[in-house]
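The same chain A turns up in both complexes below, where it pairs with chain B and then with chain C.
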Partner chain A sequence: MDTAGLLPLVIAVPLLGAAVLVAGGRRLPRIVTDALGCAFAAAPAALALLVLARVAGGGAGPYAVEWVGGWHLAGGEGVGIVLVADPLGAGLAALVSVLVVAVLAYSWHYFEEPPRRHGGAFTALILLFQAGMCGFALTGDLFNAFVFFELMGVVAYALTGYRVEESRPLHGALSFGIVNSLGGYCMLLGITLLYARTGELGLAQIGRALDGRAPDGLVLAAFVLVATGLLVKAAAVPFHFWLPDAHAVAPTPVCMLLSGVMVELGVYGVARVYWTVFSGPGGVPHPDLTRALLVIGTLTALLGALMCWRQRHIKRLLAFSTVAHTGLFLTGVAVLSPEGVSGTALYVLGHAGVKAALFGCVGVLLDRYASVDEHELYGRAGELPVTGVLFTVGGLALSGLPPFGTGLGKALAEEAAGQAAGWLPALFVLVSAVTGGAVLRVALRVFAGAGRPPRAAEDGPETTGEAEPETGGRLRRVPVPMLAVPAALLAGALSVGVLPGVAATAERAGRLFTDARGYRAAVLDGRPVAAPAAVAQHWPTTGILLGLLSTALAAALAALAVWRPARTGATALTAPVRRLQSGHIGDYVAWLVVGMALLTALTATGLR
Partner chain B sequence: MSPRGRLGLFLAGAAVVAALFTVACLGLPPFGGAHHPYGDRAVRAAVRHHTSNAIASVNFDQRALDTLGEETILFSAVLGAVVLLRQTADERRHTPAPAAVRPPIRRFGLLMLPVALAVGLYVVAHGQLSPGGGFQGGVVVATALHLLYIAADYRALERVRPLRPYEIGEAVGEAAYVITGLAAVLAGSAFLANVLPYGTFATLSSGGTVPLLNAAVGMEVACGVVVLLAQFLDQAVQIEGADGGGSDDDGPRGPGRRERA
Partner chain C sequence: MTVLPYLVAGWIFLVGVYGLVTSRNLIHAVGCLAVAQSSTYVLLLAVGYRRGGTAPVFSDVPPDRRVVDPVVQALALTDIVVGATVTALLLALVVQLRKRHGTVDPDALSDLKG
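Showing the complex of A and B:
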């Protein structure tokens, strides 16, 4: 079968698996549903990797274009939906699928018991999540992207609230659901504006139609609305409030997917829609987009890092670190250069492995000690050396230590960002150091019992981390998959930085991704686009040094926090910022509207 | 944040967004124009495939992948509701008492049930010919069954609605859509391609795969809505929390009375 024909299968196979599990889940024993789930997730993973290998390897060309239902364009016009795999889209679909397989392996026998009379429901939901995310990564149609956006959302709300025995998961799922649905409505409204103007729904078609005339208020409004929906998914400030509330309470395997890939898909969506639809003369001018994303990205990175440092609930800490890194990803995309995109792609790839591994380690703590509170767990996890080592390595990788993929991605992204504004590399170093430092601080306290026991709680009960274990009872012995999967994920993050082929593919993916004309030619004119020649990617020397610097800073911060805890009024200083995360959904909605106004203000100058 | 602060923040942001949206609406094409680029193409394509309801052609043929996604959203939402509303370890289930229903209501409900059921099935079956289709007809069919809850009581509803077949039916509807799409691949065409003969225009068998996909969606929606409503009804009527109270806090206590609330 040709490469393009494989694309729908990547979406269809997990859907079929979910239907099989829902129909047969009650009758089948746990081991069979788990194995079926893994098989139905692994098959599209293999397909996505095959597609990636083919579009990245040249030969048939860098774009695989599939018109679903055979509704090809006739005379440049059509009525159908197109799926497009360029190396970046195919790579994301492969990342999603591989991570889903890892998560299913991690949660092998994980939960106490499947819901009564509904064995296989959890696995089915994960498969539906996989289909939604792969569809979002592979579609070349804006409305179709919205459909998969909603599918991801609906599944993620249910997965977040999965542990209904407690009230906090339901509250987290509720604010996740409401804020994301509002984002979805914004996106739909933006799509209708674009459709009213152009009569098209395909990304390439809309982009080509828009370029026929000068941009006006309608185009700007459409961009703001669509970008709002995607930035909510990406958890960019001030749309980010749902994320920590949801990640702190979602089951650990779900956190691995939410933080590892779903949030990043929001960043991907912003970049994809901008490049295919709005990057031409009829869209949003490049300087305006750069300004908007740089402001939002910087705010997101700084606020995320600050809040990350101030957490003692380890899952919330990791959630805020995801917010901070999303800010860096947005910054890497904001500079609108191929190098920025390819650096960010590598960063996302490395981050997915590292963050999922860290969540996996926290899952072990949760199931053994029924707590994810840094202070309460002080010195108690010394008996888990393997978990401790994995967690520490994860912290070092998060802070950008070469030769991890996070280090390479950070090095390339900050180099690209530095060409746009000289101070941006400092932001990358600072945010990596603070988030990595927070993780290392936890590692020192929890696994090594270093320093003095933390003082009695000065925080309210809402920020501490007592929780019910997700397994039947407290774990006595850590199951092998719960350690093997984080180890494999960290090895994967390492290989991203070490294998030269990965970086070379990302470099080409970045150049193809930012070539709007080539994308439109491949999709609309069916013209084979020559694959750009591969350029060997090297670790930039400055990048290595800055990576070592941020790692050293992270270690220093962690050591300082543990052995010389500050007695200054830092708590009072950050209190107003922390109060923003109030848990009140009305606040979050107000901030969402403010975010739209901010986006408008940052891009409106391009009108005249 | 104080309510006043929240409102102020919201209004400040909303003012900017409202201004932007007003400007956007001024740029919309005027009403009553003759320029409908997608509409014209879609109708031509629908006629080419002998589907007299152009909307059905867009839903189940031209943009069938969107509909697969939408069907899956409903499927996921139902599965999510099943998971979230499940009976937890500290909740117990009791049998609702039979309820007295006034004879006029009972007669009306029993009279309307077959009518509503027939209308629903008609709407599903004629999806490719006239307005309606699997989504709309499926909801009507599911609603028809619940007339029994109004005309009789919860136990009567449970007798015609053993949940298990409906759960399977829902999954089969979802799978049937995917398998129809995959069958086109096996037939050597594209995923979800309309590979069947298009039939005679404006007859029940016209439209190729459109009636099949339509029926798959109808089955999924009808069964899905039954399962979904069952979760909420279960929660309201049958499941009690650990404290002996029900899940609704302000209704009158006691299973028999609460059931009708």
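Showing the complex of A and C:
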């Protein structure tokens, strides 16, 4: 079968698996539903990897274009829906699918036996989630992107509130659902405006039609609306408030997917839509987009890092670290260079493995001690040396330690960003150091019992971390998959930085991704685009030094936090910022409107 | 071509958002989300409108008859399906929250902050 013919299968197989599990799950024993789920997730993973190998290999050209159902363009016009795999999109679909397999292996038999008559429901939802995310990564049609966006959204709300017996997951799922759905409707309004202007829904078609005339208020409004929806998913400040609330309460395997790939798909969406639709003369000028994304990305990175440092609920801490890293990803994309895109892609790849592994380790703590609170767990987890080592290695990798994939991605992204503005590498180092340092602080306190027992802050709001275990009862012995999967994920993150082929593929993917003309020619004219020659990527020396610097800073921050002589008054300074995270849905919606206004103000100078 | 439908769509969206921001009841909030969504229906149908056009069903009108744009109607149908799913799921979460927590007032949910 040709490469393009495989694309619908990557989306259809998990959908089919979900249907099979929902229909037959209740009649099958647990082990069969788990095995079926893994098989239905692994098959698209293999397909996506095959597609990636073919489009990245360059034999048949770097784009695989499939008009679903044979509805091809006739004379440049058509109503068909197109799936497009370039190396970056195919790579993301492969990452999603591999991570889903890892998550299903992690929850193998561990996740509490679902209530009677609902066997297989959890696995079915995960498969639906996989289909939505793969579809979003592979679609070449803006309206379909909205549909997949909502599919993954709805499934993610259901998965977040999966433990319906407790009130916190319900609260988190409601905030998540309302804010993300409103973002989705903004995106649809924007798509409608683009359709009104161009009469097209395909990314390539809209882009080509827009370039016929100068941009005006309608194009700008459409951009702001579409970008709002995608930035809500990406949890960029000030659209980010839903993310910590949802991640703190979602089941651990779901957190691995939400933090590892779903949030990053929002960043991917912004970059994909910008390059294919708005990057030409009829769209949003490059300097305006760079300014907007740099402002939002910097705010996101700094606020995420600050809030991450102040958490005691470990899952929430990791959630804010995701916010901070999303800010760095947005910054890497903002410089609008192929190097920025490929560096960010590697960073996302490494981050997905590291963050999922860290969440996996926290899941072990949760199921053994019924708590994810740094203060309550102080010194208690010394009996879990393997988990402790994995968690510490994850913290070091998160802070950008070479030769992990996070280190390489950070090095390349900050090098690209540094060419746009000289102070940006400092932002990368600072944010990596603070988020990695927060994880290392937790490792020191929880696994090593270092320093004095921490005390609660009396100033400002705080979320404590008592929670119910997700297994049938508290674990007495840690199951093998719950340790093997985080270890494998960390090994994967390491291989991203070590294997030269990964970096070379990302470099080519970045150049293809930023070539809007090539994309349109491949999709609309069916013209084969010559694959750019591979350039060997090396670890930049400055990047290695900055990575070592941020790791050393992270370790120093963690040590300082654990062994510092006495409380300083610094915690009081952050209380106003922490109060913004109020847990109130109305506030979050108000911030969404503020964010739209900010985005409009930052891009409005593109009008003349 | 008149701007009125576009203004109406914008107005409905803003009314829905205002309701969400000031809501004191989660069922009301989910309703407001549905109101905000209905602005997308209005906008879609306004975009596809053609003066003098009829419904794009060709079983009983001649094929050369002027019709409104059928694409946006297909989009609106998809949109309605999405909206129904979201509303149903969120309402189910609210029902469950009422059972577990005994309240539907967003101000009473104070576990997650800071």
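One rule holds in what follows: the second predicted complex is superposed on the first by the 599 of 608 C-alpha atoms of A that agree within 3 Å, B and C clash if a C-alpha of one lies under 4 Å from a C-alpha of the other, contacts with A are read in each partner's own complex, and residues count from 1 in each chain.
Just so it is clear, a contact is a pair of C-beta atoms (placed from the backbone, for glycine too) under 8 Å apart; a residue touches a chain by one contact, two chains touch by 3 or more.
Small disclaimer: the values here were computed from a predicted structure and weren't measured.
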Which of chain B and chain C A:185 touches, first, second, both or neither: second
Which of chain B and chain C A:118 touches, first, second, both or neither: first
Partner chain(s) touched by A:31 [first = chain B, second = chain C, both, neither]: neither
First (chain B), second (chain C), both or neither touched by A:552: neither
Partner chain in contact with A:578 - chain B first, chain C second, else both or neither: second
Chain B versus chain C as contact partner of A:248, first or second or both or neither: second
First (chain B), second (chain C), both or neither touched by A:23: first
First, second, both or neither for A:165, with chain B first and chain C second: both
Comparison of chain B and chain C by chain A residues contacted: B
First (chain B), second (chain C), both or neither touched by A:9: first
Common interface residues of chain A - those touching chain B in one complex and chain C in the other: 79, 143, 147, 150, 154, 157-158, 161, 164-165, 170, 173, 193, 195-196, 201, 579, 582, 584, 586-587, 589-590, 593
Residue ranges of chain A touching chain B (in the complex, touch as defined): 5, 8-9, 11-12, 15-16, 18-20, 22-23, 26, 66-71, 77-81, 83, 115-116, 118, 121-122, 124-125, 128, 131-132, 135, 143-144, 147-148, 150-151, 154-155, 157-159, 161-162, 164-165, 170, 173, 193, 195-201, 216-222, 224, 579-580, 582, 584, 586-587, 589-591, 593-597, 600-601, 604
Residues of chain C that touch chain A when the two form their complex: 9, 13, 17, 20-23, 26, 29-30, 33, 36-37, 39-40, 43-44, 47, 71-72, 75, 78-79, 82, 85-86, 89-90, 93-94, 96-97, 100-101, 106-107, 109-114
Residues of chain B that touch chain A when the two form their complex: 1, 6-7, 9-10, 12-17, 20-21, 23-24, 26-29, 35-38, 41-42, 45, 58, 61-66, 68-70, 72-73, 75-77, 79-90, 164, 167-168, 170-172, 174-175, 178-179, 181-182, 184-185, 189-194
Residues of chain A that touch chain C when the two form their complex: 79, 143, 147, 150, 153-154, 157-158, 161, 164-168, 170-175, 177-178, 181-182, 184-185, 188-189, 192-193, 195-196, 201, 244-245, 248-249, 310, 460-463, 578-579, 581-587, 589-590, 593
